[in-house]
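So that you can tell them apart, the chains are marked A, B, C and D in the order they are listed, and the count of residues begins at 1 in each.
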Amino acid sequence: MAATTKSRFRNLVPGAVLVCIFFGAAVLSFFYTPFDVEKFNIAQRMLRPDAVHWLGTDHFGRDILSMLMVGARTSLAVAFVAVSIGIVVGVPLGLMAASYRGRWLDELIMRGNDLVFAFPALVIAIMITAVFGPSAVNAIIAIGIFNIPVFARLTRGAALGIWNREFILAARVAGKNSVRISVEHILPNILNLLIVQGTIQFSLGILAEAGLSYVGLGAQPPTPSWGRMLADSQTLTNLAPHLALFPGMVIVLSVLGLNLLGDGLRDWLDPRLRRE
Amino acid sequence: MPLLTLNAVAVSIHDTAILKNLNTTLDAGQVMGVIGESGSGKSMMALAIMGLLPQGSALTGQILFDDVALNELTEKARCQICGDDIGMVFQEPMTALNPVHTIGQQVIECIRLHQPISRAAATALASETLSRCGLPSDQFPLSRYPHELSGGQRQRVVIAMAVALKPKLLIADEPTTALDVTTQAEILDLLCSLQQEDDMALMLISHDLAVVASMADTVVVMKEGVIVEQGDIEPVFTQLEHPYTRALFKASDHTPPRTAPNHRALVNHSAQSESPLLEVKDLVVAYRVPGRGWFSRANTFRAVDQMSFSVNAGESVGLVGESGCGKSTLTRAVLGLMPVASGRILINGTHIDEGRHVLKQVQVVFQDPYGSFNPRHKVARLIAEPLNVLETQPTRRERDRQVVSILEDVGLLSSDADKYIHEFSGGQRQRIAIARALITRPALIVLDEAVSALDVSVRATVLDLLASLATAYGLAYLFISHDLSVVRNVTDRVLVMQSGQLVEQGDTQSVLDHPTHDYTQRLVASVPRLPEYAHAAIDTL
Amino acid sequence: MLFYFFKRIGSLLATLVVASVVIFTVIEIVPGDPASYMLGLNASDDTVNALKAELGLDQGRVMRYVDWVGGMLQGDFGTSYTYRTPVAEMVAERLTVSLPLAGYALSLAILLAFPAGLFAASRRGGAADTVIMGITQLGVAIPNFWFAMWLVLLFAIKWQWFSAGGFPGWDAGFWVGMKALSLPAIALALPQASILARVLRSSLLDVLNEDYVRTARAKGLTRRQALWGHALRNAMIPVLTIIGLQFSFLLAGAIIIENVFFLPGLGRLVFQSIAQRDLIVVESVIMLLVFAVVMVTFLVDLAYAWVDPRMRRSH
Amino acid sequence: MKRFIQVISSVLLMTFLSTAAFAAKTDITLGMALEPPNLDPTGGAAAAIDEVVYANIFEGLTRFGSDGSVNPALASAWDIENDGTRYVFNLRPGVKFHDGAEFTAEDVKFSLDRARGEDSTNAQKALFANIAEVEVIDDHTVALNLTNADGNLLFNLAWGDAIILDPASADKAATDPVGTGPFKFSNWVQGDRIEIVRNDDYWGESVALEKATFKFISDPTAAFAALMAGDVDAFPNYPAPENLPQLEADPRFSVVLGSTEGETILSMNNKSEALSDMRVREAISHAIDRQAVIDGAMFGYGTPIGSHFAPHHPSYIDLTGNATFDPEAARAMLKEAGYIDDLTLSLKLPPPAYARRGGEIIASQLREVGIDTEIENVEWAQWLEQVFKGKDYDLTIVSHTEPLDIGIYARDDYYFQYDNDDFNGLISAFNKETDPERRDVMLKQAQTMVSEDYVNGYLFQLAKTGVANSKINGLWENQPTQANDLTGVYWSE
């Protein structure tokens, strides 16, 4: 049941486009932003969108478009690093568990996963920031921790499937130990899965960052982040709705983009994984 | 007038033609055999009749059943006929049943779907049908779930669903391919008797000439979506007019030319030692099965129980037995992939766990040409992998040279070295598998159902290859298969295995012609045979 | 089955024990002590110490851990430092908001997700499917607190159909209570519904490719009949997992929403307690939440066994 | 967006008209940003406690009036003897606690001894430090013997921490307060609201309200929504000044601007490496544009101050001139102090908007003169731990809401770590002084001293921005102490 090329790219293209836009904006912001986001201008605050400030100005008179561009750095960076933590720690754990399937190490790792899953993520995030003080880094850690079991579980599940394939037997006949097998045979075959999950987690990371920042636990001022922009604007929604509107829309669009990209990649990279 | 008529039926999926201009008829009460290799479109034809073609497929022409053009009916109207007047049995009994419904529910559903009778009545009918199909309700209550039944039993359930309403036509698509020989025989008998009792028309789709020949009145031979030949079975199978039919027959009973391995090849292996190449002594391989209940000790299940045999250099030994008899466990043990509970496995007199250098003497070719290669690696890397067991790794150039030469030995091109596996057909893949096995210059290759998954014609060529390699490299084979006919044709000696034990062994011919152990006898008896006339025909080829 | 059951109970208990230790240790390293928080800027040290003694904060760690766990086993969760009332009471109080809210949101989500998922799956690739999937994509992407903000702006401030938040309490009448929980529940349900719908659809589509669905069709079931009669139940397993996760998420994860609607819920209790360093409350509530999650997962496992007979024998 | 706002306000207008004709209500719902942790003002510092119970449930010997004056409460009159070292109070007769218990001099002795005792957990224990003995003369007369003459005593006794409890019910005060006030505690739905009802046998003139509900809404948006949706009638300390113009424009509401005792200051750690140098502190003071901070953080609400002193206090002198906004001067002084764009200071900000927003603005202003700041947002608990106790900070922003609290500068080891013997001397003298004129002079000296030492950056006096349904009368305008005194509150037709 091969999909027609049309439906194959239905998600991929718009997803990729959206993601590129936001990453582009983030990168661009290093070299150019319409206005300096470090400059406050109380007199110019909460202007509605106009020709000068395309998206208006915030409660300190900073240009919202510029803020969004700079904020993209933080939001994307936080999400990205958090996902990386999940992958770097989770995948090896999953591979290990799979190659020791059924034995105590596997048990241990999986129970560990359950344990982490058992904790209410947001509450723990709040605890962490309570312990180490709120900061982007701690937000990353908080989000990252909960990415680990996701990837560990995913990896183990997929790896188990591969371990039953005959080419693994062949590799063992060739006298390869489970580490080499995991690296040479398992990993390449679950890569697609990881990439897809990665993009999904990435989008979740952005949402998480927004959530944490909203309760004041994310990036600290003056560093702008989409979540903080929402948080700062929360008391002003009725006064100047655009302060909350634009950051929110940016979050929605970036998450949407990443999800589309994820589904798109799933369709494109590996028909066997396809949900559509 | 015929019960089923195909008028210029053609099917294409996403604009690629799958079936081309099929015309054939099946009369009531008749048995039609459909013969063809994989990709011949025989299953697709069945699905077309049932209206179960995959999404995006387009059908032209007419499928007339009782003068009704099935393919022109609405889904609803068609569903009233399917399952009622037409029943179907599929190849994979393991997955053909809904795991979350009891077998009773599934049969009853089928009945009540088409007949407005009370649940009680339906239940009665269901249990009656099941016992007709060999699942008497005192041993197999309707409340059983599929996972509690064996493959053969599940297939009986599927059949029961199909015949519960005494359909006019039963379509059986490779109903026994996934089953063991003995089970296959039983199921075929069942189908046969049912067909006669209810005077159904039966469309029996199979790749196995013998199976078809033993049951069908008429036969249809298909190739790449076209009917190449059809007619009453006897003329077709005696005259063998069409070249393809003839080729099939030849291949199905192929005996590769086997010359004794040249001596130089042999000598360099079976090191001066007089001990046999492979010697298995009182081998026991056991699994721990977690005991039910709490502290009950995990009881062990002996998959291989006190087996002793040996394989000499250059010899080809068959190992036959049905699924679950411990064949594959034995294989793994011999390959050093499994801890041995007791007993010994010696290669040229040295114990296999004395290190890689011993293991390099033994290589393996697996059954599944698709599953046994890492799709992400290039052929060169795949073939070179076993070199890992050598004490001294060859240089990259040296490695590539070996790969190329091996590729040529197994009849592939040196250019294939940097292709990915998915670019090859099943037959080619098995050749690559063989190449992989050869690269360490082993003395013994374990062929684990190595040709079972291949079409007859391809299988023949692979068997030839194996034979010639045996000569060239002085190889010994441990040929594991459930297919006695092949074993008969390619092995010198045969070992018969049942539930972990070796029940009979000896010279292939004598064992298979005059089996002494009753299990062997049952095995041999249940192998479907081509009728005499066909044999006569083959001899004339 | 029974054996499996007890095995699960065992690992369940293990998880709880480890969790309790982890929680306690984390809490221990949290800077800031409740006493000085309560007494504020002008308090003198001996005052603070007096209060510490009163709160039992002067004992050793192990001692306190034992007390804590022991207490919980007897249903005594300790006494809040700041509120000076038994934690159990406070939690029970908050649960009368959080549980109904979670339940309300989850049932909303399910009510939305199932028709959507089924419809999309049965019309797979069709216009309806595309539209529904588009909507769910959006639903997944919208931060619920942001969504909540606009809900308040429209329904509470602009049209004044609902009150902007707060919870009158059930004694004010069932429907009054439900009305107060409506906006929060909607805000929580939207993303969950989207996720659920997507999972249901994809798992349905997976199942629809199974051999036994083909068998069912061969019996003469129409596409729809096969979908309902054979695909749905098999497709439930991943769906059940998600529902389980979502319930436990909603129980604690509503913190932000509870803030937006100033609901006296469990989430906000933790949030405040952390800010006020009312650590005994934090410990106990997190422990409770962990317990809830573990229980839910356990129940979900049992539900598997109910859905899929194969599970009944496995393990 | 403009249209959107217009729509809203028009809708509001309509609802206003429709709800116009109603009989006078006798119940009121007040919004509060923070929920009190408990209801015993003698057992906790949280302002929220007093905001619920002060003058409503509990009373002391004296009490604050809305203008900050100290008036008689449970003590109807008093005489000062032995040149200020002995105060004799005549207690009101016939006063009953809510549980019916008689109010007597014994209760006074009990309460004050409890507050100053060894194991006292009273947050303001210092207030009673000077009391040597509480002497019961008869049922309705009690005398306080002091170690030194104390001009602040009556003032101190007016604090919520000095209210009078009944020994029988004192221990339950945290959750079930029993006082002598015009309202009785009735119900507390933790996390949501507290309800109090009229005490019908109150000794004073009975109050108009039958029932009052304090609803706790921490989130400023929610606060706005709650007002708009009519969930609360008044918000005595409205947390989001940004909405005030909008509320003012709305006929349903009247916005009351008053003064508080909250000197909002940029506290500096006078012992931290850079800030021990007065030139740096002065530079910082000049780098700050108070008006910008007031506009940006408080949306214009707040009075600039030049010292740690409340403008509405009679002894106030305007010292804002000591720290005018002058970036150039600031740069120069930094240069002089040896810092050229290489000074980095930590700035720890507690939760309130004045700190968080103000902090960001000040950070940007300091950046202008070449001082980098590392902002860290902290919860109150952390603030107390790190800043107040640990002195691990350079800069922080806090509003000091205790009335007349310039004395804190004399405390040794107080978190600004200012120590100046002259000042300490001045304060101890002031505490003994009872003569109004000389007290006034001393206060003026004190203000000038801390201002000219640039101990802290003095920003503004926190405004009391109250919002109330326009038909509510009698809420306090100013906030001499943290309280919502409901005795005078009533609805007009």
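Note that in this section contacts are C-beta pairs under 8 Å (C-beta built on N, C-alpha and C of every residue); 3 or more make two chains touch, one makes a residue touch a chain.
In this text the structure is predicted, and so the values were computed from the model without any measurement.
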Applying the touch definition from the top, give me the chains sitting in contact with each of chain B and chain D. A, C
What chains do chain A and chain B have as common neighbours? C
Maximum distance between Cα centroids and chain D occurs for chain B
Interface with the most contact pairs, given as the two chains involved: C-D
Hey, how far is the Cα centre of chain C from the one of chain D, in Å? 39
So, in whole Å, the Cα centroid of chain B is separated from that of chain C by 50
From the C-alpha centre of chain A to that of chain C, how far is it in Å? 22
Averaging over Cα atoms per chain, report the distance between chain A and chain D in Å. 44
Residues of chain C touching at least two other chains: 31, 125, 149, 153, 157, 259, 274
Going through chain D residue by residue, note those that touch at least 2 other chains and give them in order. 8, 219, 221, 224-225, 228, 351, 379, 382
Of all the residues in chain B, which ones touch at least 2 other chains? 55
What are all the chain pairs that meet the touch criterion? A-B, A-C, A-D, B-C, C-D
Which stretch or stretches of chain B touch chain A in the complex? 14, 54-56, 332, 335, 337, 356, 359, 363-364, 366-368, 371-377, 385-389, 436
In the complex, chain A residues that touch chain B: 1-2, 4, 165-167, 169-176, 184-185, 188-189
Chain D contact footprint on chain A (complex, rising order): 38-40, 42, 45, 48, 59-60, 130, 133-135, 216, 220-222, 234-242
Write out the stretch or stretches of chain C touching chain D in their complex. 31-34, 36-44, 46-47, 50-51, 53-54, 82-85, 90, 93-94, 149, 152-153, 156-160, 162-167, 169, 259-265, 268-269, 272, 274-278
Enumerate the contact residues on chain C facing chain A in the complex. 11, 14-15, 18-19, 22, 26-27, 29-31, 125, 137-138, 140-143, 145-146, 149, 153, 157, 201-202, 205-206, 209, 248-249, 251-253, 255-256, 259, 267, 270-271, 274, 282, 286, 289-290, 293-294, 297
